[in-house]
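Paired with subunit B in one complex and with subunit C in the other, subunit A is shared by the two complexes that follow.
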Partner chain A sequence: MNKIFSRKPLRITLFALLLFALAFTATTVFAQDGVTDDEVNAIAKELYCPVCENTPLDVCPTEACRQWRELIRLQLSQGMTEEEIKQYFVDNYGARVLSEPPRTGLNWLIYILPPAMILAGAFILFRSFRAWTKPEVVEAGSGEERGEASSPAEVDDYVARFEEELKKRK
Partner chain B sequence: MTETTIPKRGVPLWVQIIIWVFIAALLVLVGITLNKRQQGTVQPGDKIPDFTLPLFSGYEYEGKSEVKLSDFQGKVVVLNFWASWCKPCEQEAAELEEAWQFYKPGGQVIFLGADYVDTEPEARAYLKKFGITFANGPDMGTKISQMFRIRGVPETYFIDQTGELYYVKVGPFVSVNEIKSIVDQKLK
Partner chain C sequence: MFAEFGYGVLLVSFIVTVYSGIAAVYGAMNKSASLVESARRAQLLTFPLITISALALIYLLVNNHFEVAFVYEVTSRSMPTYLKVTAWWGGQAGSLVFWSWLLAVFTSAVTLRKWDRDIEFLPWVIVVSSITLAFFLGMVVFYENPFTRFWLSNGNVVPGMFPPSAAATIFTPQDGQGLNPLLRHPGMIIHPPMLYLGFVSYVIPYAFAMAALITGRTDDRWTRITRRWSLWAWLFLSFGLVLGGRWAYDVLGWGGYWGWDPVEIAAFMPWLTGTAFLHSVMIQEKRGMLKHWNMILIILTYALVIFGTFLTRSGVLSSVHAFANSPIGPFFMGFVSLSLIASVALLIKRWPELRSETEMKSMLSREALFLLNNLLFMSILVVCFWGVIFPLISELFTGQKVTVGPPFYERATGPLFAGLLFLMAIAPLSAWGHSTVKTLGRALWKSFAAASIVTVVLIATYTQNVYAVIGFFLIALVLFATLHEFWRGARARQKAQGENFFSALANLMGRNRRRYGGYIIHISMALMAIGILGIEIFQKETQGTLSSGEELNIAGYTVQYRELASWDDRGAGVNYTRAIVDVYENGIYLGQLTPRIDYYFDSQQNMTIPGQRSTFKDDLYILLVDWQPVSTIGATFKIYVNPLVNWLWIGSILFLFGVIFAAWPENDPADEPARRKVTRDNRQASAAD
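Up next is the complex of A and B:
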């Protein structure tokens, strides 16, 4: 019992430390004006700074990108919506900051061409496979239509006539 | 017995023509884009197309909130691309301002600052820090920098009285005299 009593202050201290740590974490996660890093990064990951090509804004380590993220945080704290913020960046830095090009003008090619090419490729493959599985050469005068499979009765008839012909020649 | 080859049913000729024309057009488009990208910055001797630079409040030119290159016909224009996040830009900021103060009374030379991919609060803090007073504004939509096909900052373009580019400085100036020696080439 004595041992348990002697550990009680230690437990209280640990509990207090835990509370302090949680409070500290909360204050770092909830940055200025109640805008979290996650909220900033949700928009930042869909933007690209022209200075650091191919690096999304949310993970870009440069000073320019840090400034942009702070600007997003400020705009969020001012009540701007995601669309409004993106439009601001497009107006100020050009459409190339967007991760997805706007669906206007020649940009449509990016959205239309790949699926169109895949469909065209699939169609060509389909036609080619079908052509390969069909006989292309038939004997004239056989009376058979090209590509039509012979029924067993027709084959039997053909074999019988073929044998008869052979017998005649003997 | 004779063998006959049955003709294959192919894609109609008009469809083939359309496909080939489309592929050719696509290749031309890709070629033009690649060629444009490989050209690099505009070269001395090139006539610079007119552009509009909106100006930060407090950094207007003769009360105008935006200026056009064509406004400065008959003057030498020193167009400097910079950004507040750009450390090498800081090396030349004081020199540019000093040069501007030198040429300002003569009225034959104009200094313009185009702030590239920057945020306004930081840009203003930078201008204040280095005591810059010449006309400065954001390169909205990075249109001007794309027109000049800049590769980074700082870059400075010297345009003569006829609107023709005559010198490109990539990187920071090392002294005021370097700026003066370039400007003076076009002053009588």
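Up next is the complex of A and C:
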């Protein structure tokens, strides 16, 4: 039976169609298989609809997705593992069926770039802190009230902060 | 007739907008007051012009003028009138007109109010908003014309504004395709206008920022003028996002509110920079620092607003190739790039003038913590931006389509959101200028202890999931720390004024709207976080096909299938299929729920309406997936139990209240003497403390 699945997508779609028709004319194929909807959904949840945009397979309402879910049911009833089923979908419909790009080649960029940029941002911020906190003469134009804010007697006094804010609003 | 008229007026408003921009530039550069005034009047004229054009479009929509392509695409005879009106923003061309109209409204509001006060900025504000408006109107006039009609020419139906040949006659289809049923939900009727309101209102602070850069008035005047604009913009954008989430929860039928879909992220990105801006702009006001950064943030927000509209409107998300084929894609991209380049060039020109007036004193000062907050928001932005863009890059360079789904975003942003929660707890307790571990610790230890107790109780009674425990601890910390701030402030005032606690609290809040509005927003965020944690970590689901009388069990609930009925409502053009189920919790009968599927004949699409039972503890959310009317198999149901998700919506409502509280106009001159009194009173209070 597994041989059928290694063929081209068209054959598979036809097969899935047939299966689908079967499932709805005869009384449930799946009930006999003993594969529950939850088991099917658990795998379908991890896959994306190969034809619609950004829709997980378990909630996709289209007819095509219904067939794909029945296909998963059939594969489960034949004893295929979750990994095998996922691989089958990737082989037939491309990497877009996975909820994340596989960690290969160019795809590494998606995993590496954001943390690299965040670290770079943190580094720049840290450097700026260091530069800012160097003891330098406060510019004359900074105004009395701004200097006042840092006077140590008031630092932890909530009401003082509150008062200072009001003063500035005048 | 109305179509030509509407298009003609649109064309005129485009020309007037272009004139307004050019006249404002010349007027401002040559100090010609009369030219500037002329530009201003031209700008004010765009509002009635676009309104008239929009009214023509609404007339066509309401009166079933299906010869107009846009009307044919978004309405049908069976739709009620109010939906035909809201179909205005139900399709591409109409929504671009809507965008333009909102921008004309806002710009007019700016130029009508306080013209004399802000006279030096306003010519340039007109320039920036006119360029933006001209861009959107240009797109409508040249590429996405909502008044395009169908023509019968040589036996073919061709769309076009004008007859393709002399012999062509207007072709009127019998009925329209009707609005996508998913867009007929009340949430979806309000969601786009809210989002657009948020998008468009960010153009105004950006325009002032650019005006400040151009005129060289680089002090914090532009931030003070636009403070309230930014808050309202943020309110609309946030509310638009929340409504979108609620809509998804109610009609999309996947048991969630947010799927990290690129379209959602497109609206989320300007919110991230907008939120960062809202915080960092306070540092500029209080400490005269971060002027460059604020400029960068508002430029980014504007660019992301345009970029977000581009992402959702150009078709680029479905495929890079759709982008290439869509006429507006390159146009949009060009505009975003040009405006970014121009803004950054201006910023670089004024870079030396934007230097900080004071120095950073301590890594634990409020301004330092705000900077960390900015870093976290920008990090989330990087993750989102890259997650949206990467599939396009992959398709472009390797031809391989990939999906970047929730697992990626959740893993990457989870710790960042946790960091934001932590900052939300401690930053309000730190002082401007200077804070130490000691001062901060003294302010925080009670809240920390209380949050720890709550967490221990939760571990003992509710969950041992480590992410949940960390999350709940942080949420509790935010709640206690923020409430403590209310309590401390009110107590201080109570002592000083001899008022009772509640009037002290009310007066305190009323006189510090921005601060306490901000705290209310923080509390609402913590409540929303409870809902998000609940559904993300504890969601349960099951699915099964039931015959009448059979039941499904999940998380203490029993759902028993009773019956199913299917009927047509010809007038509304809908077929309803409704199941009735009995719901029990631990054997106790709770009532009936009626999940249903509505099938719309005109658009041939389904809408799945869940049966929902909401409590503070959890939501029971039942979807009718499938049914067999003739056989005995019955119906297939998918049942979700979404713990705590209601807190998300409760938080959203409180959030709205908080933003409105903070943004409410209070600059009444009559307030002035009272305020001076408060200051004196508080001086006494601080002495007494």
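We adopt the following convention: the second predicted complex is superposed on the first by the 102 of 170 C-alpha atoms of A that agree within 3 Å, B and C clash if a C-alpha of one lies under 4 Å from a C-alpha of the other, contacts with A are read in each partner's own complex, and residues count from 1 in each chain.
Assume contacts are C-beta pairs under 8 Å (C-beta built on N, C-alpha and C of every residue); 3 or more make two chains touch, one makes a residue touch a chain.
Here the structure is a predicted model, which is why all the values come from computation and not from measurement.
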Next item on the list: Considering only the touch criterion stated at the top, classify A:Asp91 as touching first (subunit B), second (subunit C), both, or neither.
Entry: first
Margin query: On the A-aligned overlay, A:Ala64 touches which partner chain: subunit B = first, subunit C = second, or both, or neither?
Written below: first
Next item on the list: May I ask you to decide whether A:Ala122 touches subunit B, subunit C, both, or neither, giving the answer as first, second, both or neither?
Entry: second
Checklist line | If touched residues of subunit A are counted for subunit B and for subunit C, the larger one | finding: C
Margin query: Per the contact definition in the header, classify A:Ile112: touching subunit B only (first), subunit C only (second), both, or neither.
Written below: neither
Next item on the list: May I ask you to decide whether A:Val51 touches subunit B, subunit C, both, or neither, giving the answer as first, second, both or neither?
Entry: first
Checklist line | Intersection of subunit A interface sets (partners subunit B, subunit C) | finding: 94, 96, 106, 113, 136, 138-139, 141, 146
Note to self: Under the definition above, what is the set of subunit B residues touching subunit A in their complex?
What the structure shows: 1-6, 8, 19, 26, 29, 83-85, 117-119, 122, 138, 140-143, 146
Checklist line | In the complex, subunit C residues that touch subunit A | finding: 252-255, 259, 261-262, 285-288, 317-318, 356-363, 368, 371-372, 375, 378-379, 382-383, 386-387, 390-391, 393-394, 397-398, 400-408, 412, 431-436, 439, 442-443, 485, 488-489, 492, 511-512, 515, 541-545, 606, 608, 631, 633, 636, 638, 672, 675-676, 678-679, 682-683, 685-686, 689
Next item on the list: Write out the stretch or stretches of subunit A touching subunit C in their complex.
Entry: 27-28, 36-38, 41, 48, 53-54, 56, 59, 61, 94-101, 105-107, 109-110, 113-115, 117-118, 121-122, 125, 128-129, 132-134, 136, 138-139, 141-143, 146-147, 149-150, 152, 154-170
Checklist line | Contacting residues of subunit A [partner subunit B, same complex] | finding: 49-51, 62-64, 67-68, 70-71, 90-94, 96, 106, 113, 120, 131, 136-141, 146
